[in-house]
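Heads up, there are several structures right after this.
Common to both upcoming complexes is chain A, partnered first by chain B, then by chain C.
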Partner chain A sequence: MLLKKIDIWYLSSFFISIIVAVPIITVFLSFFETTGNYSSILKDTFLYEYIFNSIILLFGVLLLTFIIGVGCAYIVSFYKFPGVNFFKWALILSFAVPAYIYAYSLTAFFENFGTAFSILKNLFGEGDYNSSIPKFDGMLGAIISISFSLFGYVYVLTRASFHYQSQNLIELGKNLGFSKKKSFFKIILPSARPAIVAGLSLVAMETLSDFGSVSFFGISTLTTGIYNAWISFDDLTLANRLSFFLLIFIFGLFILENFSRRKAQYHSLSKGGFKSKSVITLTGYKSLLAFSFCFFVFFISFLFPVLQMLYWTIIFPKHFIDLKITELFLNTILLVLLSSIVLILFAFISNYGNRVSKSKFLEALTTFSISGYAIPGIILAVAFITFISWFDNNIVRYFGINTIKSIFIGSILGLVLVYFVRFYSLASNGIKSGYLKINYSIDESSYLLGYSKFKTFTDVHIPYLKNSIFLIGILIAIEIIKELPITLIMRPFNFETFATTAYVFASQDLLEAAAAPSLLLIIIASIFILTTSRYILKD
Partner chain B sequence: MKKITIISLFFALISTLTLASEVNIFSARHYDSDIQLYEKFTAKTGIKVNVVSGKAKALEKRIIEEGADCIADLYITADAGRLGAAQAKGMLQGGLSSAAIKAAVPKNFRTSQWVGIAKRARIVYFAPERVTGAELAGLTYESLANPKWKGRLVIRKSNNIYNQSLVASLVKNNGKKAAASWAKGVVSNMARTPKGNDRAQIMAVAAGEADIAVANTYYLALMLSGKKGAEQEEAAKKVKPFFPNQDDRGTHMNISGAGLLKHAPNKANAVSLVEFLLSSEAQEHIVNNTFEYPMIQGVSPHPLVVAMGLDFKQDLKTKVASYGAKQADALEVMLEAGWK
Partner chain C sequence: MIKNFLEIENVTFNVGNKSKVNNLSLTIENEGDIICLLGPSGIGKTTILRTIAGLEKIQSGKISLKNKIISSKNIHLDPEKRNISLSFQDNCLFPHYNVIQNIEFGAARNKKKKKDLNVDDVIRFLNLEHVKEKFPHEISSGEAQRASLARSLLSKPDLLLLDEPLSNVDQSFKEEIQVKLKKILTELKITTIIVTHDSYEAFYLGTKCGIILDGQLKQYDDPYNVYHFPNSVEVVNFLNRGILIPAKVTGENSLENDDLGTIKGNFIKHYPKGSDVQLLLQPEDLEHDDKSNLKLEVVDRKFRGTNFIYTLKTLSNLLIPVFVHSHHIHQHEVDEKFGIKRPIIIDHIVCF
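Up next is the complex of A and B:
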């Protein structure tokens, strides 16, 4: 019985999950080490500040993404007004702008003598405008930057849920004499709750793991705290204490997200009597109001950072001319291709292994291993380096092999491996949800026709999942184009991407030089988003 | 087949990293112009320069974890405090003590493990409309704690390395106790909770948010150069530099520099790169792009830096190596004072 279970698919699935879980286990194990020379006052003063800041940031971002995401989704789903079909896809372009680039734009525009000052001066002549220009920096800046780059998750998921919302329910509300407002709060919103919660929990995880924009604005959150404690002070005790709090946050979110997903499945089962909902055509000021809201969000989330970066690229053309665009492009594409191939291939094998073995243990292991997504990239990269050097010093040398460090640290291989851990959940969940749509009876028919497991995999499953594969490939591409901390730490010599180039300039107070690579990054990511928008919006 | 292609691609990429004559740099200080400088070096010596640039702390972590397998030769970063800390962590080795280096760099700006490549001063900027000459007369770093500056001073956060080094020099010169009460005075004089970079402090004075700011010298020149746009060029003109402590030890000096990494596989090449960076050709290139002061004699800074004044007394008494040694104390006194 046991032997029968342990086949090649089971084993490969098992090993993939273990590899993905290694950095997470490393972070966990470091809990039990104690060192600590960071003086005690730091711990007492900062622990609470980190937690407090993380909570404020989290709630600020959740509130803002909820309002923007659900608001936009509601308007474009239930009403017809000029531009509505444009906004449906234009609003997801915000995915192309990483929070750190948003932060650069925000600062550039609103700082003393910034772009806003120039505009006012050109319009009204010389004047002391600095004191009347609002300053979006610090915590407020971080909340805005992160919210406008992440609200897309809430928007896309909520919109999908609105799309499939049964018209019957809404009509029931009408029959009961509910006003529009009442039916929104009593029927539409509650029935979309699972999707909203799922979107918000994705936002929450990304917010907690954000490093680029919070470090740019100089806010001490749990993530920057762990980074500082671990990297600058070599204080594992404090790093562990902070990681512990971060993990509590994240596991709470995980539970919430899983819980809401279970509910979502329950909801979407009610296919009987599905009537596509009727859309209300808006006229007059109401139509203008709907248009203005969507345009405002589109402008602030996408056009604003693009225009700021474009403006800088135009007034400081030297930085654009000096940029090695072809090289940066090829490097970025190399990473995208390698990572997508590796991720999709292994996610397939693992999911297929889970499917054929039907093992509960394997399921649980996979679920645990994909929590790598929730660990901030910067922590993941450092954990990986720590693990490799431990493995090298303690195990590899024992076998008389010289060293494996240079193969894994500062190499494309290592970089792709850490990407693999970071984005495995994206690939795995995508393939999994595709698989859920293939009935088991198809597998059985295939076996009856004399197909082997391997042949079933290549000739039946892969053609079935072609669309999912394409979509996942694009999603991975968008993430990797924007990815910053892992690339920064793990990359080989003389290897730059658009993201690292932008960051390196920005970190040396050369924001205007960061504009050109930022702009190109946004353009490339936008192209990827547009090719995939019909898939994102359909599901 | 696909897999084989991928694997061979990996090895092709790895193997390109092990060319014969080269020098590998981890750089936390990376300007576009550096590339031209390295190209000049390669043209002259045939030694290829490979670079990974990034945040100082992350690079340091990678150097430590890679240990003996780290193929980087030089660690280039701004601030003696960072280089000193790297030395204290055992990341560096001796060897930057060739006759050429010793002749070029004054003693207080180097150890055998790291040397300064360019200098900067951390000075006070003031708004001439709101700060009188009498108020400024005899200004020292110490007197920034004077209550007369209450609500008028802007300075960066305590996690900033330039501030840590400045405070470390105060700990070194006046003792930890005095530095602690000084930090409390400075915090109570702040016009706002610290935020932004050095340039943002200068602009806060230009915009009237504060009367005096503490920032490094090259930022003002950078703004005056127009490289930051017309508005900032105008803003920079509203602010004047002041060099503190002229009547005693002199103005606080710092460096950007290079450290020789402990396991450097190309030690000799690393030393010749450092020697090249200290040549007058390279120094001229550096000072004209970064607006820092040259490390060697006989090279003039950028004209905008010259215009800020060159005849000030530099603190040559306090060794920059002490910034690293007193860094922990500095951070402690700042945090205890509630310096955000």
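Up next is the complex of A and C:
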């Protein structure tokens, strides 16, 4: 029976999932290997601190992103006030600012003799302002940086859920005599719950795998623990084992997210059931309050880091002039193009394979493999290097061939392959959600009209999903432009992107030199976001 | 030599592991025949179509089309290789193509096949001119169903399968489409299996009708016979066009009912004198006669446009339907008495 199911689509999907799953399998296998001395030292010293910090960071970020994301989504969905149409898309620009660049801006502004100090000095003259300027560093700084960089996930998903919420639901509340407050807590919020949980799960996964900002603020989390185990103690097995614990944690969130998404299907509305909402026009102080809240979030999440980077770029023009902008731009675009093409192509093939084979095993394997999204980029890179070294030593040498390491390590090919594993879930989930909208009887209709599986794929699915493909391509582009640890580890010698250039300067405490590449990174990412804002807000 | 156009032999139709229709055998003898399958919802009619189309596999029996096995335990020809077209009940138009593109998608197959049918003709014939540039979400479900039908017709299949093809079409429009559909299917000799729960539609369109009940094909015959000579109580109850009343066989051509008296006619099956039977009494079997001394009480009157269906109550509380032309002058209200012409003569007597 199983053999009958196996065809070229089945095999393609199977192998793609296996490739993506290799790092996860590596991490799981490490559980059975012996670790170095660092393991026991760590257990007696910092392990609980790592876990404690990770939990504090996680809950801090979840709370803040929930308040900002749901608050903004509610205000722009249900009320009309000056600027509401602008805020609807402007609030997603926060996606363009990576948490680590936000962290640079936060530090640069509030540090001793930083930008805040300069502003106060220019306004009020010389004085001891440093003591009265609040300091957003350490855990608080990390929570703020990550939250304002990631709240967009909660905002976009919750807003979409509010947008498609039927007016009938709200009118039902009125019929039952509910106040606005009661309607919000009893009807609107519960019906958007799956979307909110889905958004928060994404935030949680990103937070747990964040490296750039926590390392900048010197916070010891499980991710930095993994990094230390590998870099400082050269204990790859322990690094993998720590990743295993992190993965277990993330798997829990993943199941939660999957569960809530499955429930979300019940929220799809039939053709006749949707009645567009009538929004409430705010006037007076209520209008001002709504505007202020949205403007505050927009300012803090996007304008603030942009202005801080712009300020430094202007006052330190030398760094901008010295920057090889064309080369960095071309390098970034090269990575974006190659990765997007590979990711979309393979995600498409794999999803189609799952669809036509209707195999529960393949479905489960794909779900397992795409959890690679939650593995910190560092671990993916290290797992890849480990695997290539093993393959080179044990397989390639066996056939008498010289080393193949140089083909995969420190090369564009290797970099794109690790990106492939890291962002496969983004591409795969995107295509999958597109496919969920295509009733299976559409495929059957095509077969019955004489179209083969391949022709159905090319003539029905690809044209139908072209918008999804475009959107996924842009989302991948935004992620790759911002991506840091994998690029740092896997890039060829002397190959720089805006992200790596900014990081290299920031790690040398040359924040003012990091400003120009950071600013350009934000601008390019913003352009990509604006291109797709219509789709992101709709879907 | 082709014996039958389509042969279904002892096939059990399953959805997953659950059997829906057991051990069904059915043949379509000639190319161009139109078969209608009737049965209540959820009985497995759609499963039969999906299996013939190749969308479901079979574990026993075999299905042959034009003398070639297309499904059996070991053979399964892919749906795209069968040249069988299935028009689904819920429209399955491609959402990203407009109506004309959807229809042309069907026409792209079998371009060379000589069946005198082109896109414009079909669009005109199914009254789709005004929606041909629209997308599926912009048209009504009835229009979508007709577009789906057009797409299937234009694919010029060897066998066309239609799953409740007109269920969403407006009543005012339905008969017109039925007439056109029958004309096109007959003229082009497109062999068709139609699944429907509308017996009038089945009787009009079908060369033969199959009644599926309790997971079995209960009767497979031409529409006249299915209506007038149902072969089981289940079929009578399903068609719901008459009632069964108790009677005693009194002679070669007669029987007796306590309320109606003597009933004469030709038995379609022999019963010994003195047998107690259930007689099928259909609305058109009794005639109205105000002068008759057999009077029954009117308990309900349904106006059906061309006719009235009176429901009459007998002394033993049997409820009997009687058909009366709607131009009939003497109408009766509920609770009034209604005369039945005697002697009662029924052309063919069906008993169980």
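Basically, the second predicted complex is superposed on the first by the 522 of 539 C-alpha atoms of A that agree within 3 Å, B and C clash if a C-alpha of one lies under 4 Å from a C-alpha of the other, contacts with A are read in each partner's own complex, and residues count from 1 in each chain.
We adopt the following convention: a residue touches a chain if its C-beta (ideal position, glycine included) is under 8 Å from a C-beta of that chain, and two chains touch if they have at least 3 such contacts.
Every value quoted in this text rests on a predicted model; they were computed, and no experiment measured them.
Student: Return the chain, chain B or chain C, that is in touch with more residues of chain A.
Tutor: The partner that reaches more residues of chain A in the superposed model: B.
Student: Which of the two partners, first being chain B and second being chain C, lies in contact with A:463: first, second, both, or neither?
Tutor: second
Student: Is A:447 in contact with chain B, with chain C, with both, or with neither (first, second, both, neither)?
Tutor: second
Student: Determine, under the contact definition given at the top, whether A:128 touches first (chain B), second (chain C), both, or neither.
Tutor: First partner only.
Student: Mind working out whether A:360 is in touch with chain B, chain C, both or neither, as first, second, both or neither?
Tutor: A:360 sits against neither chain B nor chain C.
Student: Between chain B (first) and chain C (second), which, if any, makes contact with A:494: first, second, both or neither?
Tutor: Once the two structures are laid over each other on A, A:494 reaches chain B alone.
Student: In the superposed arrangement, which partner chain does A:389 touch: chain B (first), chain C (second), both, or neither?
Tutor: Once the two structures are laid over each other on A, A:389 reaches chain B alone.
Student: With the two structures laid over each other on chain A, which partner does A:439 touch: chain B (first), chain C (second), both, or neither?
Tutor: After superposing on A, A:439 lies in contact with chain C but is clear of chain B.
Student: State the interface residues of chain A toward chain C in the complex, per the touch definition above.
Tutor: Where chain A meets chain C, its residues are 271, 438-439, 441-442, 444-453, 459-460, 463-464.
Student: Any idea which chain A residues touch chain B in the complex?
Tutor: Listed in rising order, the residues are 39, 41-42, 45, 111-114, 117-118, 121, 128, 130-131, 137-138, 218, 227-228, 230-232, 315-316, 319, 322, 338, 341-342, 378, 382, 385-386, 388-389, 392-393, 403, 405-407, 409-413, 488-489, 491-495, 500, 504, 507-510, 512-513.
Student: Which chain C residues qualify as touching chain A in the complex?
Tutor: Per the touch definition, chain C meets chain A at residues 53-55, 78-80, 83-86, 88, 90, 92, 94-97, 105-106, 108-110, 137, 148, 151-152, 155.
Student: In their shared complex, at which residues does chain B touch chain A?
Tutor: On the chain B side, the touching residues are 2, 6, 9-10, 13-14, 17, 24, 29-32, 50-55, 57-58, 60-62, 65-69, 71, 157, 159, 195-200, 203-204, 206-209, 219, 227-232, 234-235, 328, 332, 335-336.
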